[in-house]
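Below: one structure, written as structure tokens.
Order as written gives the chain letters A, B, C, D, E, F, G and H; numbering starts at 1 within each chain.
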Amino acid sequence: MNQQELKHLLEEVQSGGTSIKSAMERLRRLPFEDVGVALIDHHRELRQGTPEVIFGGGKSIEQLRTIVGHMVAGGRNILATRLDDDAGTSLENAWPDGCFDRVARTFSLQQAPLPATGDGTILIACAGTSDLPVAKEAANTARMLGHTVEEVTDVGVAGIHRLLAHGEALERAAVVIVVAGMEGALPSVVGGLVAVPVIAVPTSVGYGASFGGIAALLGMLNSCAAGVTVVNIDNGFGAAFAASRINRRLQE
Amino acid sequence: MNQQELKHLLEEVQSGGTSIKSAMERLRRLPFEDVGVALIDHHRELRQGTPEVIFGGGKSIEQLRTIVGHMVAGGRNILATRLDDDAGTSLENAWPDGCFDRVARTFSLQQAPLPATGDGTILIACAGTSDLPVAKEAANTARMLGHTVEEVTDVGVAGIHRLLAHGEALERAAVVIVVAGMEGALPSVVGGLVAVPVIAVPTSVGYGASFGGIAALLGMLNSCAAGVTVVNIDNGFGAAFAASRINRRLQE
Amino acid sequence: MNQQELKHLLEEVQSGGTSIKSAMERLRRLPFEDVGVALIDHHRELRQGTPEVIFGGGKSIEQLRTIVGHMVAGGRNILATRLDDDAGTSLENAWPDGCFDRVARTFSLQQAPLPATGDGTILIACAGTSDLPVAKEAANTARMLGHTVEEVTDVGVAGIHRLLAHGEALERAAVVIVVAGMEGALPSVVGGLVAVPVIAVPTSVGYGASFGGIAALLGMLNSCAAGVTVVNIDNGFGAAFAASRINRRLQE
Amino acid sequence: MNQQELKHLLEEVQSGGTSIKSAMERLRRLPFEDVGVALIDHHRELRQGTPEVIFGGGKSIEQLRTIVGHMVAGGRNILATRLDDDAGTSLENAWPDGCFDRVARTFSLQQAPLPATGDGTILIACAGTSDLPVAKEAANTARMLGHTVEEVTDVGVAGIHRLLAHGEALERAAVVIVVAGMEGALPSVVGGLVAVPVIAVPTSVGYGASFGGIAALLGMLNSCAAGVTVVNIDNGFGAAFAASRINRRLQE
Amino acid sequence: MNQQELKHLLEEVQSGGTSIKSAMERLRRLPFEDVGVALIDHHRELRQGTPEVIFGGGKSIEQLRTIVGHMVAGGRNILATRLDDDAGTSLENAWPDGCFDRVARTFSLQQAPLPATGDGTILIACAGTSDLPVAKEAANTARMLGHTVEEVTDVGVAGIHRLLAHGEALERAAVVIVVAGMEGALPSVVGGLVAVPVIAVPTSVGYGASFGGIAALLGMLNSCAAGVTVVNIDNGFGAAFAASRINRRLQE
Amino acid sequence: MNQQELKHLLEEVQSGGTSIKSAMERLRRLPFEDVGVALIDHHRELRQGTPEVIFGGGKSIEQLRTIVGHMVAGGRNILATRLDDDAGTSLENAWPDGCFDRVARTFSLQQAPLPATGDGTILIACAGTSDLPVAKEAANTARMLGHTVEEVTDVGVAGIHRLLAHGEALERAAVVIVVAGMEGALPSVVGGLVAVPVIAVPTSVGYGASFGGIAALLGMLNSCAAGVTVVNIDNGFGAAFAASRINRRLQE
Amino acid sequence: MNQQELKHLLEEVQSGGTSIKSAMERLRRLPFEDVGVALIDHHRELRQGTPEVIFGGGKSIEQLRTIVGHMVAGGRNILATRLDDDAGTSLENAWPDGCFDRVARTFSLQQAPLPATGDGTILIACAGTSDLPVAKEAANTARMLGHTVEEVTDVGVAGIHRLLAHGEALERAAVVIVVAGMEGALPSVVGGLVAVPVIAVPTSVGYGASFGGIAALLGMLNSCAAGVTVVNIDNGFGAAFAASRINRRLQE
Amino acid sequence: MNQQELKHLLEEVQSGGTSIKSAMERLRRLPFEDVGVALIDHHRELRQGTPEVIFGGGKSIEQLRTIVGHMVAGGRNILATRLDDDAGTSLENAWPDGCFDRVARTFSLQQAPLPATGDGTILIACAGTSDLPVAKEAANTARMLGHTVEEVTDVGVAGIHRLLAHGEALERAAVVIVVAGMEGALPSVVGGLVAVPVIAVPTSVGYGASFGGIAALLGMLNSCAAGVTVVNIDNGFGAAFAASRINRRLQE
């Protein structure tokens, strides 16, 4: 084992079995060797405290069942995203304690306690019903990362009062994730209403000159509300992960 | 003269000097000849009722003074757009009755009565102060086309209540022109608030991923408010002309 | 009920049961609460006078049947767009009084009287037969919004005389919707021939460097005919809605 | 005054001078009227606690001096960004207590105490020396918003050990802003090393296929490190504002 | 009938039944009326001398059979392009005298003599075997328009001597069509070797950064060989039609 | 000298001084050696019969004067394009027999007889006055290549009858070059009216979504008129050269 | 036969049967004739020493079996790329000595000895498991070209220590191929660590703003590590071929 | 000093002054600390053996003189790129032993012996005279890195025999750098003629649809010659550095 090797080297130095020059030679190369890295990677996992999430896009059902099987056997919590109906159903059949969310296209299975993240709420605001899959992916991810989630839906800017009606939810939130396709204007309005961090998620909802979400992405990058940040198109998972980075800090 | 020629041909038919077959041959080609076209072009100008507008971009001061001089001599109303400071000042010096608007970059000179267009108001809503040159170009154009114009400024969506505060102006308008750069979200909000025609003008205001107005343009084309139409980037003149096409109809 | 609550609050102020300070506190937050919004939203629907239109793209047959079922039960008029053959046939089977238009890909069912919109005609000019689905979507939408529609087809600019032959229809129109793919040049020609509002709809018809309608979209945005406005690629519905915003004004 | 008007209306209800029906009519329209909006806007400013920042790009020296003059007279703290040398020097000459930072292209003048934001540190990591103007804009903005800032420079990924050498600074940070041009890879590496929020700022540094920062922007949006968020190209101000939204929460 | 009407009008003028003023009124509007247009359109067809070509892309088998059936009944020559295997086979089954070319994806049926076009040869040079469908579409189109066609294949620039080996064919040609995907370099080399007109056709052959033919298209538009002209991606038909415009002139 | 070497080699074979095997070895490598190439290049120049044209863009006045000086000394005809005012005036001062055309930005000087190209006319149709520099570059190039040129200007499609009025010029032409910016629609209309070759030149005239001529370029590539070919943006020279390749054939 | 013809010509010169002038005439045209080219092409194949590789994309199973059959019969080594499961299985069934690699989507069959290329190692570093198909295509290609290949996988930059752990493999390599999708940052880090040639392969792995590999491609072209070169998206074959060009030199 | 510290730590372990546990704690963190990194960076510089090159773009003359002054004082060899005339002249005036190359826009000053790199030649082939600045930047860089450079110029593919005439130079080269703008076709032809590594450099030479070098870049990425690699637009320095990585290997 690696820590053993390091310990062994130092013991040899201590005992005189290895010269200082020779030990220096080996230690200088440490960053290139397995030992330090393994330790640090482990350390990083501990510090980030996040379970591995399985990106289901492009994976076969067999691959997914193998990966999930290993993780289940290890007693870990499972979150798989971007599953089509067949893949999701297959996982649900194999592990009936888990839950396949057809809208979000996620499979989740909780075996271990979720990390404690305090009482800050992550609000997920969703412009239209077509944006729901991305919003739900964000919600399920955030919950599996241990956060309290609140969701408001169908608050697109063409009916601005629907959003304004959710003023209390907006005020309660510690972080707001805003999910919108088409022109992607919702984060600008939300960013003007709240003082907390706002993470914008463009979706590929739309057609023609939406260019698969580019219009929404550009809209959000050019938001006239100061301090709105953006993730990749349809990246509900990434937004939730970013929100988790923020919200977890609040508890420390 | 062309009408003369047509008259002459018919007189020859009448008198038997030209056979019907030969007259048919000539008449069949009419659309390719000067006479019909000149008539029709004249007719079109009458029907559209709009003064020629001088696009100043890329024209030298000499060219501008020559063109304006001809039009002034003809007793026509003048509107020149996209003038830099030197060009505008030069025109103002040459024709002190005219007015060079430094913000709008337009020169206007009224010699004849403006066309009567009734009492519908064109409301021009402008997201930010940087969008003002485009909004003012639209305003000056609409006024020169004979319309009553109302302007509201600095009503960007990141401070949504500033827009909502103009509810009465929005309700009064016969047509609304919405001018916005950056994410171009304002037309979506306005389109949801009013039932009248909404014309969106993206501006090149912004930097980086605004790509000279593309972000705003795409946002407006993908507006989630139904029935919002769009003109070219920075095209305040075009928006006013489109509004004029609409508003004038209301008086007929 | 919300209006009830507002009334109740005022009654309490009147009766002294609530202090002015406390009432002010609540009223100041009105825009964030349900009551005002619901009222206003209702108001907006009344003012816009438009039926909800169902965007069928990406919805399952089950979802469509559920939504249409609710609306039919409510006695409302139905218009669903972007239906594939299976979805359209399914709706037609379920509600045989309705009509599925295979070319337009729309399903319409009239239960209530259409809104009165006067006698202005919306002319829909279509460049090629491949553009017909978009033109028909516009036509069916405009009709369901209560307008008289006239259609001319196959008047692409490469056979300019075919368009010129429809001079009378062009002169009759209160608004013209121009639908074209490929180079999208038709609106420029039409915009030069008529003085009424012209709404251009680029279609995704073409291949290679048409880039799914971008060529036509750019062509229309750069139209040399002043005052032509543009909607999103393939957005026949949006063009009809914009035309409705204009044409309805003429009757008021 | 607006609050006065609201108070007056309620007093009239209380006294019977205004009927409940008539009061309801006025209150229903509140979101469209000045009073509520002004209150809320004021409220928003209080909640966000942020000074107005002047975007100097495209403003003349005269405009800048006028705006700054008003704000100085109001006793407010000043931050102006995107100033060229002439503008910055002019402001520094006019208000010698302020500081024009030539690299950052900002002018700052502190008159009032900065907001208290606790002891979380915002770390600004900058890939190359050419990215410094953007990093410095972020740093000056963050400081003027009351935050403690730490900066590490020239830690581009082609010399990965230079970054690794700053391990302690990375561990100390409450939020990390990563500024990089060219391929924009630095945020991915940083996002893998730390568990705190990471905000990526693409810069327009580069040439050819960097396309004015698009390459870096796309790289950051596609970061393989989960939960990295992105702002517009060269938007150091926006990144600092987003970091402020996050870091301030930690103190509440 | 229209010609009849025109004749009738002139007869009335001749007979005095219609005044010259009233006849002028009607004639002035001629371009807007059916008569002139129909005549001219007919005239145009005669002048261009080209059969109607059926673009099969996006047409159903039923639509194709209907259109072809009408044309066959009229004794016309048939050329249909962009047919998939099912459509082509169906046409071939229905009209066994015709020929479905699986590579070119065209169906052709000659019923009438082809137009005489003299002895100029159209040479079609094709860079790689994957470009053959486009080259064959061009070849079949050119032949159906009455031209002599010569084909050379697999002469991509990475094996430049393969092209040079066809020197005689290049010297013989009256027009050269060059079909190439990927980097689209072949037209530049050919354009430097021959003095006759060169028409470049980019194909969508390639992957990744070929972007469906954009790379080849841009390469051809930027050809360093003077006087190379370009058609749309995969537009073998258009290239042949352009070559026909040129080659036919040589016989007149 | 190279021909000498070849002759010498053959003489040695004839005299037996070189073996056939050794001669074959050298001859097989011919295409890599100077001699063959020089001959062929010369041959190509003769066949193409075109003077060298100097692309002035990016060249200093000194470089231009040097190049022109050499060519003048050689008695050749001179055509230089893309000259700014300073460069053009400098050339005109140095060679007063030449002509600097300020609009076309070309300098031409005829010393030798132009090539005889028969009586076919190249018609250059120009959509707007802003497109004139490109049209004039084409006209001057075509004339220097020995062709008869006819020009029609300001025939944009928004005033379609202006174009139709030039029917006779269109019928007279052997080749038509169509120059247009903005939406680039003119070639489609012209292509439908004439049967001769049509070469479309997009110009960078326009702003906003014209993207420096991309809109016009795409419009032309997607022309619904069959057989229109396209050259690079603003490439008047290339269009004239392509027209020359075509028109010269007609005389052979 | 061509060499025969050349020999015959020289013999006729030798014997006086052909004059030197006439022989010169024919030889001058050599580059345009079959003989020289065939020889040279053969020569080129010998010099490059590389087997023909079959690009399977877009080829039918029948086409593939025909091509492979011919090559097998010729005793050549076979490498086919971009095969789907059906195609690969079919080839494997037909030639059971060959190997279909499902991940790499390649079929290889060695019949002849591989070229000797010395002992330099080509290291293929792969950022994520999704990039494996491209990395494996490169590996299989390099092996079939005779090279020793070493592979390291899952060394994405978000876990930088995983890469650093492979320091010895990096030091051993003669050439490094780096395969990465998403932000494509890995080549920059590798390029900073090693002094040997680095070839970057962007993959189409990713979604949204990865734009099918454009983000990775741009990242690699803008690498801040000096001297990194790039091939097309997903072009594992091309990278291996480039590496082969380099590595083979080392043995010469 | 860092090595000292490491030595000191080991001595303390040896002497028992530090426990193994505490030493392990410190050593585990090594990659994050200065010592290891400095060593490795130094090591990397030694291994890569390359002088620092100064990218002059965007640096002021003062900055350049400071940087160069430091390096000159250190006795190092100097290469600065992307210098405008003023900057280059200023450096040449300050250090008259150095050489400012106006075409290449580089300043070089050799003080120390260049690295020995054996006798492999780097051939730099340049398509047109406008591409010379990039080709010369590559040549000067390669020479300063110790390589023998050969240059061939004006061998664009529209005059293919000019390239073929350089067959011997192509055969001599150990690496070929191909510099081309416009359609960027030259590397494909060269890649087919030689078996050695080919590095393609697109230049921004061109106008219109060359899009500042994108056309050439795409052409090169899609080269039909296998194993051509590409660097950023105008990146002559990078190509030379990549060639140096390759050529240096040949001597080891």
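In the analysis below, contacts are C-beta pairs under 8 Å (C-beta built on N, C-alpha and C of every residue); 3 or more make two chains touch, one makes a residue touch a chain.
Keep in mind it's a predicted model, so treat the numbers as computed, not measured.
Contact with chain C and chain E alike is made by B, F. Hopping across touching chains, the smallest step count from chain D to chain H is 1. Distances between chain centres, each the mean of the C-alpha atoms, put G farthest from chain B. The most distant chain from chain E is D, comparing centres defined as mean Cα coordinates. Separating the centre of chain D from that of chain G, both taken as means of CA atoms, is a distance of 49 Å.
One inter-chain figure worth recording: chain D and chain F are separated by 54 Å, centre to centre, where each centre is the mean of the chain's CA atoms.
Here the CA centre of chain A is 58 Å from the CA centre of chain F. Each chain gets one centre point, the mean of its Cα atoms, and the points for chain B and chain E are 40 Å apart. Among the residues of chain D, those in touch with two or more other chains are 31, 36, 40, 44, 159, 161, 164, 192-193, 208-210, 214, 217, 221-222, 226, 232-233.
Which chains touch which is summed up as A-B, A-C, A-D, A-G, A-H, B-C, B-D, B-E, B-F, C-D, C-E, C-F, D-G, D-H, E-F, E-G, E-H, F-G, F-H, G-H. Chain C makes touch with chain D in their complex at residues 3, 6-7, 10-11, 13-14, 16, 20, 23-24, 27-28, 30-31, 36, 39-40.
By the touch criterion given at the top, residues 29, 31-34, 36-38, 40-41, 44, 57-58, 202, 204, 212-214, 217, 232-235 of chain F touch chain H in their complex.
In the complex of the two chains, the chain F residues touching chain E come out as 31, 44, 47-50, 53, 120, 161, 164, 174, 192-199, 217, 221-222, 226-232, 237-239, 241-246, 248-250. On chain A, the positions that touch chain C within their shared complex are 130, 159, 161-162, 164-168, 170, 207-210.
Residue ranges on chain D touching chain G, taken from their complex, read 127-128, 156-160, 164, 182-185, 188-189, 191-193, 206, 208-211, 214-216, 218-226.
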